[in-house]
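Please read the structure below before turning to the comments.
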Amino acid sequence: MSGNTFGKVLRVTTWGESHGPALGAVIDGCPPRLPLSPADIDAALARRRPGTSIHTTARREPDRVEILSGVFEGRTTGTPISLIIYNRDVKSEAYEPLKEIFRPGHGDMTYQAKYGIRDYRGGGRASARETAARVAAGAVAQKILDTVGIQVLAFTLELGGVRAQNFVWEQLNDNPFFCPDPEAAAAMAARVQAVKQQGDSVGGIVEIRVQGCPAGLGEPVFDKLDAVLAQAVMSIGAVKGVEIGAGFAAATLTGSQHNDPLTPKGFASNNAGGILAGISNGAEIIVRAAVKPIPSIARPQQTVDVHGQPQTISIGGRHDISAIPRIVPVAAAMVKLTIADFLLRQKAVT
Amino acid sequence: MSGNTFGKVLRVTTWGESHGPALGAVIDGCPPRLPLSPADIDAALARRRPGTSIHTTARREPDRVEILSGVFEGRTTGTPISLIIYNRDVKSEAYEPLKEIFRPGHGDMTYQAKYGIRDYRGGGRASARETAARVAAGAVAQKILDTVGIQVLAFTLELGGVRAQNFVWEQLNDNPFFCPDPEAAAAMAARVQAVKQQGDSVGGIVEIRVQGCPAGLGEPVFDKLDAVLAQAVMSIGAVKGVEIGAGFAAATLTGSQHNDPLTPKGFASNNAGGILAGISNGAEIIVRAAVKPIPSIARPQQTVDVHGQPQTISIGGRHDISAIPRIVPVAAAMVKLTIADFLLRQKAVT
Amino acid sequence: MSGNTFGKVLRVTTWGESHGPALGAVIDGCPPRLPLSPADIDAALARRRPGTSIHTTARREPDRVEILSGVFEGRTTGTPISLIIYNRDVKSEAYEPLKEIFRPGHGDMTYQAKYGIRDYRGGGRASARETAARVAAGAVAQKILDTVGIQVLAFTLELGGVRAQNFVWEQLNDNPFFCPDPEAAAAMAARVQAVKQQGDSVGGIVEIRVQGCPAGLGEPVFDKLDAVLAQAVMSIGAVKGVEIGAGFAAATLTGSQHNDPLTPKGFASNNAGGILAGISNGAEIIVRAAVKPIPSIARPQQTVDVHGQPQTISIGGRHDISAIPRIVPVAAAMVKLTIADFLLRQKAVT
Amino acid sequence: MSGNTFGKVLRVTTWGESHGPALGAVIDGCPPRLPLSPADIDAALARRRPGTSIHTTARREPDRVEILSGVFEGRTTGTPISLIIYNRDVKSEAYEPLKEIFRPGHGDMTYQAKYGIRDYRGGGRASARETAARVAAGAVAQKILDTVGIQVLAFTLELGGVRAQNFVWEQLNDNPFFCPDPEAAAAMAARVQAVKQQGDSVGGIVEIRVQGCPAGLGEPVFDKLDAVLAQAVMSIGAVKGVEIGAGFAAATLTGSQHNDPLTPKGFASNNAGGILAGISNGAEIIVRAAVKPIPSIARPQQTVDVHGQPQTISIGGRHDISAIPRIVPVAAAMVKLTIADFLLRQKAVT
């Protein structure tokens, strides 16, 4: 049983390969009568587009969405919303040499093991390209969140070992990393340049915050809000860890340190990250994702081909040095889809 | 839409409150003709039972399961397997004072916000008691894993800041923490005693390893193996973070450091934790969970009552100092349920 | 992937075999704060119990339900409601001769083909006994319907060729057939006696009506209200046909005859049976189910054993002559579960 | 929670409105390595296209599918298969007068009640146009059925009261009704002409047969094969009744008449329609669907507008006289999707 659908009431199904004619999403369960236009979605897609400062040779993706169904005279109708984004600027021949080799850190070997066939062009379905559909769907989810005033904020907390310290929120969008600390952003840029020259890549940490979320969202015991957020964020290609609130740091705290005191004005601290017993508590929801370094690197690597023979591979071409800048809007989108789904799920029983 | 069912082909639905007459699980989708007896399940439940060394006043839970359906003459029939565990040794009157107060770090406030009603006795549905049903279901999942020789190993990696260093696997079950490092286990015991005297509690880190898992399990793009493992483990009450393989450490590595080279004999390292592009790669699967300290502590804490008035609370009674020892078998159970489900999902399409 | 769960927001999972220790249902997704007691459910179960007039040797099933979870101080809590009904008066040894033979018209052969194993005692999971759990769950669904004033009425329209003509609703419960036509009920009783003496059995038609259902329920395009009602009712053991409104008669009408004119006061007729384009239209919902004759008959029948050898079988013992009287409350329960689920589904998006 | 997805392992999500830019289907869960080309699907779509003999003014739908994903070098890859069919020859202005009026027998009133908004052009999502996506998906399902040699045959059994009697299977495709009785087909054509001149429409009965289906498919107790077939077929717009095997006729038979004797060579009769206890028994599966007359008729009808004011409506334009010819391939598609899904579901547990 495949797994290309996310959500229970707000259900998003994505489809498409990196070098196929198009990719897209079908969103079923969106409430009717919400305003929705292609421009709403294109704005979100633009944030996912590679910048120029750190991605000089990167693939151009001036993505534009078409809404094929579910919207009538500018409003959602309650029927499925089909979104399509055509793939352009596709150079499949560059991938011909990869037909018979498994790139380290990529899904080449596992797709072959699972399906016995794979579209090797640009990573096929396993490409980060797939996340464009998630971002498009996330823009629809935001329309649902708008009805109750929920905002989702995502940013780069750490990249290549450089961690943001002083948050200047107004400058969040002034650098290609969506990093709220301008000094850290400059250091990140330097780190990326250095690593690039070494033919290598870097990872980092993305943080996502949800503001204005009412208490009561989340469905014990398996669909706890934190549990599904973990699935949502871990389902993004390069993510290797997810934590909520204090997260892994909670492992070294005592109960008296970690518990958030309740006061008549709300919680006095937020180690819980806005979630207690799997249900939102009204405080800011805080999620962090650990992102591994991009596996495609210029440095030679040891690997095997489809026949099991040892090979050395050096991956050139237009690859990012870090997945972080693109993952920031993708992570925001996955959190939006999750929160919107739980908002609708909660309506069903109250 | 509620969330008390886990899995897609192997579907487990749990039910029950801490102080209700019983709790249980219904397992739908278990293949027929597998051997299954109550003793198989009771053995798993025994591992979850509180030990004596660190839980001197803890509730007695000599749990015994009854199999009410789905098994005939010692073998599964393919019909739903209903498991029931009666609650015994329940002292609900002790919880009467908690009727009108929200304990910090607990779900009291969020259950009230979500449902407008709550069974306050022993935490109701939010009690760790609920996990007994998961452990019972996990024992059934193990029967499925047995058919292909998959083993799941869970242990305490860290507790109260004490981390296991030297792994002596034969001694894993010789201490109440399921810690494979005997020296670390002794230090953990000392740490627990010290914290207990301070009326406080501690958290830690649990690690789960899956051995013998074939390559090819996991369902891109949303039900990636790591994504669903993250949900499975994060759905356990006290867990605040989940990581796979190198996990959060991957954020500071470069691609050449993090990528696992492929060789004709397999992967030369395992930073991926056995999963690439959301699909198992045949290597050992490695999951780690960050566990927060037990929120019920004797030290006085600031809180509010159901009327929003400030209160001070000091929680006595028979509470654990750390959730870790109980979470070890629970985490193993959730991983077993996840792997078994993906094993069956993969069968559907090959 | 098994199929023991019904519903999307109101999810009912049933379990249990005819001669196992018990059977039951877990209901997930019931809204909180609804009044619910065992007596509510026992009343529904009593309607399903065999009467005495036509079932002189029938198995005694003085069923009593226990609510094991999800209810606190007489109200639902929003957590799973676990219901259990113990099997009593079970004489499994009577089924020993059936261990190696396939009864015509029963699931013996198909369960063996599907699972490679079967609990042959009393039909195992395929027994009509399983429907007790449905009726119990239906009583919970009625609590949800009560919140908006929806009533479900089920009755015998036809039995053994005798069709009700003049409906005297007040006398619906005055005969063992739940037939609103007293004269027809008498004829049905005579027909049953005659058939019984011939060692044979009869089928019939059950009609279910839903009153007070608001317009707007049903989810195009696959979960249309009529489509899911068809699944719900066809999933009852002996049902071989389902129709809505004019049903099969619509095949011979013209458009001008079949269309229901709309007037400012509502629809002028109800050939649609209360459903248009898969969505309730506010008129009475009308469903009819064709029920086959009970396959267990005293007359000798040709069959084969598990080794494929020809055999003759004559089934004695305490069997009903018609499934109809028991199916009436079961059909009502399935319709209640369906309507309640769609009521909650509709809340999620409005 | 919306309902635009059908199937559990083979999951089909359809989208699109009659007068939107396109409609389509996403098929998730199709096994990898099956041959699939647009031509396979176009052939199925061609059968659904209106003929000329009875639909002289009907909308032209020379549908051609594009496969946007999930197929690589002519074979399925195991990833989602996205199919798109562009809407051409759309004349939306003809529907402008229907903006404020509810057509009798159509979903205009119920869509408005449900969503508070509707795309009134050509019936929007409620249009029979939607079934093109089902037929396309059914052609993919056939590829799965091909792997085990299952054939699905659908035909018109009755139209406007004319019933097929003598089946000449070779001539099934020689008339626009897909009627295997040439004489009946001629009478049906005459009946259609007569009704058309009266400005009216007719319904009928479609029969679907599944040949070569192995025993063991179907998932008790709610997803019985007959139950899900009933949902599948009843989810087609104009269908008002579904029956299996003897169907409604079973209501008047005795057990000794209805039971199918088992012999060493198989079943001696097939009143069960190939399904026992919800599981296929290896015999031919027989499903029948009652189809109501097309609600759009030229004769004046009484109705109301969106303001509840009485109106008279006479629907001109290019409408079919009977839905039957188009429903034959649609019903076949729904049955194919159902059987293919159960085939994969069965693989998961054996």
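Residue numbering begins at 1 within each chain, and the chains themselves are lettered A, B, C and D in the order written.
Here, a contact is a pair of C-beta atoms (placed from the backbone, for glycine too) under 8 Å apart; a residue touches a chain by one contact, two chains touch by 3 or more.
Keep in mind that what you see is a predicted model, and the values were worked out from it rather than measured.
Q: Quick check: more C-beta contact pairs in B-C or A-B?
A: A-B
Q: Same or different: at the chain A/chain C interface, is the fraction of residue numbers used by both copies above or below half?
A: Because over half of the interface numbers appear in both copies, chain C and chain A meet with the same residues.
Q: Superimpose the Cα trace of chain B on the Cα trace of chain D, which carries the same sequence, then give the rotation angle to the nearest 5°.
A: That pair's rotation angle lands at 180 degrees.
Q: Go ahead and note the Å separation of the Cα centroids belonging to chain A and chain C.
A: For chain A versus chain C, the centre distance works out to 46 Å.
Q: Express in whole angstrom the distance between the two chain centres, defined as the mean CA positions of chain B and chain C.
A: Going by mean C-alpha positions, chain B sits 39 Å from chain C.
Q: Rounded to a whole Å, what is the gap between the Cα centroids of chain A and chain B?
A: Chain A and chain B have C-alpha centres separated by 27 Å.
Q: At which residue positions does chain D touch at least two other chains?
A: In chain D, residues 1-2, 4-5, 8-9, 14, 29, 32, 78-79, 114, 116, 125, 220, 344-345, 348-350 touch at least two other chains, as defined above.
Q: Chain adjacency by touch: line, ring, star, complete or other shape?
A: Drawn as a graph, the chains make a fully connected set, so complete.
Q: For chain A, which residues are in contact with chain B within the complex?
A: Touch residues, chain A against chain B: 1-6, 8-9, 14, 102, 104-107, 109-111, 113-114, 116, 125-126, 130, 158, 160-161, 195, 198, 200-205, 215-224, 226-235, 237, 240-264, 268, 271-273, 275-282, 290-297, 299, 301-304, 308-310, 345-346, 348-350.
Q: For a test of understanding, state which residues of chain A touch chain C in their complex under the given definition.
A: 1, 9, 29-32, 78-79, 220, 344-345, 347-350
Q: If we count contacts the way the header does, which residues on chain C are in touch with chain B in the complex?
A: 1-2, 4-5, 8-9, 11, 13-17, 20-24, 26, 28-29, 32-33, 66, 68-70, 72, 75, 77-82, 84, 114-119, 124-125, 344, 348
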